[in-house]
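All chains are identified by letter, namely A, B, C, D and E, in their written order; residue positions are counted from 1 within each chain.
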Amino acid sequence: MGSPPLFYKWSSKILPWLSIVSILILGVGLYWGMFYAPTDYKQGDVYRILFIHVPSAILGQSIFMFMAICGFINMIWRAKISGMMLKSAAPIGASFTLLALVTGSIWGKPTWGTWWVWDARLTSTLILFFIYAALIGLHSTIEDKTKADRAVSILSIVGIAIIPVIKKSVDWWQTLHQPSTFTITSSPSMSPDMYQPLLICVIGFYLFFALLLTLNLRNEVLEREKNKNWVRQLFGGLS
Amino acid sequence: MLPNLKVENLSSVRSEKVIFDNINFEVMPGQNIEIIGSNGSGKTTLLRTILGLINQDKGQILWLDDNDNYNKFRTFDCFYQGHQLGIKNLLTVYENLQLTKNSIGMPQEEIYKLLERVGLSNINDFAANLSVGQRKRIAVARWLLKEFKVYLIDEPFSALDDKATLLIEDLIKELNAKGCSFIITGHRPSNILASRMEI
Amino acid sequence: MLPNLKVENLSSVRSEKVIFDNINFEVMPGQNIEIIGSNGSGKTTLLRTILGLINQDKGQILWLDDNDNYNKFRTFDCFYQGHQLGIKNLLTVYENLQLTKNSIGMPQEEIYKLLERVGLSNINDFAANLSVGQRKRIAVARWLLKEFKVYLIDEPFSALDDKATLLIEDLIKELNAKGCSFIITGHRPSNILASRMEI
Amino acid sequence: MMQSSISDWLTIILRRDLIIAFRRSSTYITPLIFFLIVVTFFPLALGPQESLLSSLAPGVIWIAALLASLLAVETIFSEDFRDGTLDDFFISLEPSFILVFAKVLIHWLITGLPILIASMIAALVLYLPFESFIPMIFSLLLGTSFMSLLGALGAALSLGRSAILSAIIVLPFSIPTLLMGTSVISSSLINQDFSGYLMIMGAMLAIGIPGLCLLTVEALLLNYE
Amino acid sequence: MMQSSISDWLTIILRRDLIIAFRRSSTYITPLIFFLIVVTFFPLALGPQESLLSSLAPGVIWIAALLASLLAVETIFSEDFRDGTLDDFFISLEPSFILVFAKVLIHWLITGLPILIASMIAALVLYLPFESFIPMIFSLLLGTSFMSLLGALGAALSLGRSAILSAIIVLPFSIPTLLMGTSVISSSLINQDFSGYLMIMGAMLAIGIPGLCLLTVEALLLNYE
């Protein structure tokens, strides 16, 4: 599936299945979490935001790793498709990270009484979002798309090298100064009734990401190869 | 004698547009190639492709090495003068010549002589104050800092007066005699001895 | 008919160096002046002095106003094209023409026609990708956006191929017929009808 | 007729420069993100305590604003100068004042305006109380405009080779803006009257628009002697 | 022979660019003054309590240093690119690595070094105890160098684009430097061991010099396709 036309054909086959499965699992997970999982004895029903918050926070990080791998492949082997993958994944990753930030803030207001605290985990999520923004901003300024892919690849490689350092240092930072009044890590170990739907949500989010990525990537492929023969043939009647 | 550089079947595609196609020539030591074409025909692109500043599409560029083999990687330094002349406005005329790699180890008087030769007397003026032709003369003076096997010069004669044109023709002849070759571009044939090709 | 512009006894001194001295000419409507000189002889400086971009030293520049009087202050807009062409790399060819003062109120098709006339077909390319000659053609297309009494063009023919040279000669003739005058510079006489002066 | 041609021209300059600015950094989001990253630096370096941060918030926001206006300052005239576009402005018979004003406006639109928006998010994460939002916006509105005016003068002075010490000339004048802007917000924090500061900032702006624009024209003309 | 020619060339690049920077004084004076403005701002905003200021001093100095080093970032390659000098570097058979290294060094010399010197004044103004001067200098030495490396990468990636874009590329990655640099000084304030932080900063620099320089070469080459 290294070549764009091959990917396009292959993804056409898999797309219907992927959509059905991902939306099904996501639906089950969210429905379970929102309506069947027990109400939290301390927080009430607000806690249900967890079923969106935690998966999106996890996805935000995973997608960055995925992008860095794409970037690496793009730099070394110059595989066109990896560049497009990188480009297509970036806005999705940024959206999930933003979703984590927004749901976290919404959750923070009733539980902590404030929209935002400078806690290590929150801060590193925010920084991750900034890095996504830098990647997207850089890509959109360079007109030549393959060039833009390579530029973003370089930056994502720097990112993957330095993100662990950022996370580590943000953790130290928090301990070095006075500890934050609120922590999210010391939540009571979750009961299985909450844990199981969460797990399904996370899996659903991953599949949903795969779906979004495939859709984005197909658009990207068509857009970039619009003057190639195989795309012309595909839309032979139309253009 | 073997050609220093062979260009075989070279073609260039930029943003899905074919700029030039199937270019072939050889550069023998001491001989010149003149590439003639209209505006936008791809002369600048060709020179930069030969130097590897622009990726080529098809064909190959072969460079002679010391063991008389041809390599795809460049084996010797070339001199390139593009449309941008690489002149720093905040340096004086003299400094613009002196603070370059090729002038390493060259004594001051030699540099003065070069500047005199290309007709620049105001060696302590800032380059910002120079006329366009005078800037071009600085660039020409740089040809003489060091000898190169191949000089690639983009439109050497534009923006210059007749005196400077003659001077350059002389310089090229002189460097040819030392075995240096020129690949130059232009819009119409010049007076230098060269094999001409249209692009 | 009165000359639109009279230059009397003009001289320029820059950093205590006399660049030119005692320049005299008159620009009659529909007639051209060609200023010929070697590199660094002061052609660019002269054009810019006439426009007031550089302070003059002695002499005067007199402009005709609507009441047939001569004024020391410029009374009408002129068109100036210097060595720098004022082309923005991040704009497309079309935008480079459209986003200028002179194109105010000009319909899109007119601009397309102008671009076609100067031989530019890639109207949606960014100017950054153009060749030097193609950039110059954009500048030439700007002559036609509006009619000016006097055009001051610094080296109109440099960096252009024969086709573009012919085109410009035609354009000048055409604009002359409408009563526009050109003051152009160059290193050797061109083919246009003009009174020539050495500098 | 003359009047309308000036405003037409102003529109064209604005459109052209905004298109270029947009292509150069493609999103309006870029300055916004920039501002937020700078703001994030402060809790990271100074510690996350709410009381400290909210007392520093006025200054932090103002320092970030100052940096943003300084970063983009150099480009105000340099490109037009280099490529010859600036010549056209001085050749035209219309007052060059217009040009400078347009350039200041553009600089403000690509730095000041995004900052104004970003400052609300910044205020939120720095625990600035809601009551101080309005004074903050007003002080930023006046202050960033003044910074753009000052920046234009600095850019004009440092054009080309006669680059005199523009920084030394411009930066000291940005200090009053910084102090006054901060005072507006911090006065509002402790429920003091801040209209005096705003008035001074407004007065500076009122004098600055004609005064600094004219000085900038003069500074630009230094490159045309 | 080959060896010596590289070092000769390095010297020439350094000399040339320093002469140019020196003649255009705003390149090195603006960061310096900006640094001092940010630093002096804090006593003005927070009042002169010695204990508060000296506890915040590490963070303040580091924020000011990082932000100041951003100011000159855009110019690292842009002029050489525009006037064709950059071509020469890629035409030459010597590794382009050299060029990038030289450019980083120059950026450091015109921003990092002045900041290093100014930081002593800053430390005095902020009542940082003398014992902390040495750790401060060392942390700034390592940290500003790393910033120059990052800045070169940002400048290369956003060549011909806006200063704000290069800033948002650079800033998020400079956070470890900020945190570690601050920790070095504040640990020294409370007599804790800070060598660990310095070691990490050193390690980042040691990896960064080859790694970031190579990536910068790659980024520059993107403009030559």
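FYI, a residue touches a chain if its C-beta (ideal position, glycine included) is under 8 Å from a C-beta of that chain, and two chains touch if they have at least 3 such contacts.
Being a predicted model, the structure only gives us computed values, none of them experimental.
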Looking at A-D and A-E, which pair shares more C-beta contacts?
-> A-E
What's the chain with its C-alpha centre farthest out from subunit E?
-> C
Most distant chain from subunit B, judged by the mean position of its C-alpha atoms = A
When centres are defined as mean Cα positions, the distance from subunit A to subunit C in whole Å is 57
Here the gap between subunit B and subunit E, centre to centre from mean Cα coordinates and rounded to Å, is 37
Rounded to the nearest Å, the gap between Cα centres of subunit A and subunit E is 32
Could you list which residues of subunit C touch at least two other chains?
-> 83
What residues in subunit A touch two or more of the other chains?
-> 127, 130, 133-134, 137, 141, 144, 170, 173
Listed in rising order, subunit D residues that touch 2 or more other chains are 23-25, 30, 33, 37, 44, 47, 161
Tell me, which parts of subunit B touch subunit E in their complex?
-> 51-55, 74, 76-78, 80, 82-88, 90-91, 95, 99-101, 104-105
Along subunit E, where are the residues that touch subunit A in the complex?
-> 153, 157-158, 161, 165, 168-169, 171-173, 175-176, 179-180, 183, 186, 200, 204, 207, 211-212, 215, 218-219, 222, 225
For the complex, which residues does subunit E have touching subunit D?
-> 23-26, 29-30, 33-34, 37-38, 41-42, 44-46, 56, 58-60, 62-63, 66-67, 70-71, 74-75, 160-165, 167-168, 171-172, 175, 178-179, 182
In the complex with subunit B, residue positions of subunit E that touch it | 5, 8-9, 12, 15-16, 19-20, 23-24, 82-85, 87-88, 90-93, 224-225
Complex contacts: residues of subunit C adjacent to subunit B = 14-15, 37-40, 43-44, 83, 119, 129-134, 136-137, 155, 158-164, 187-188
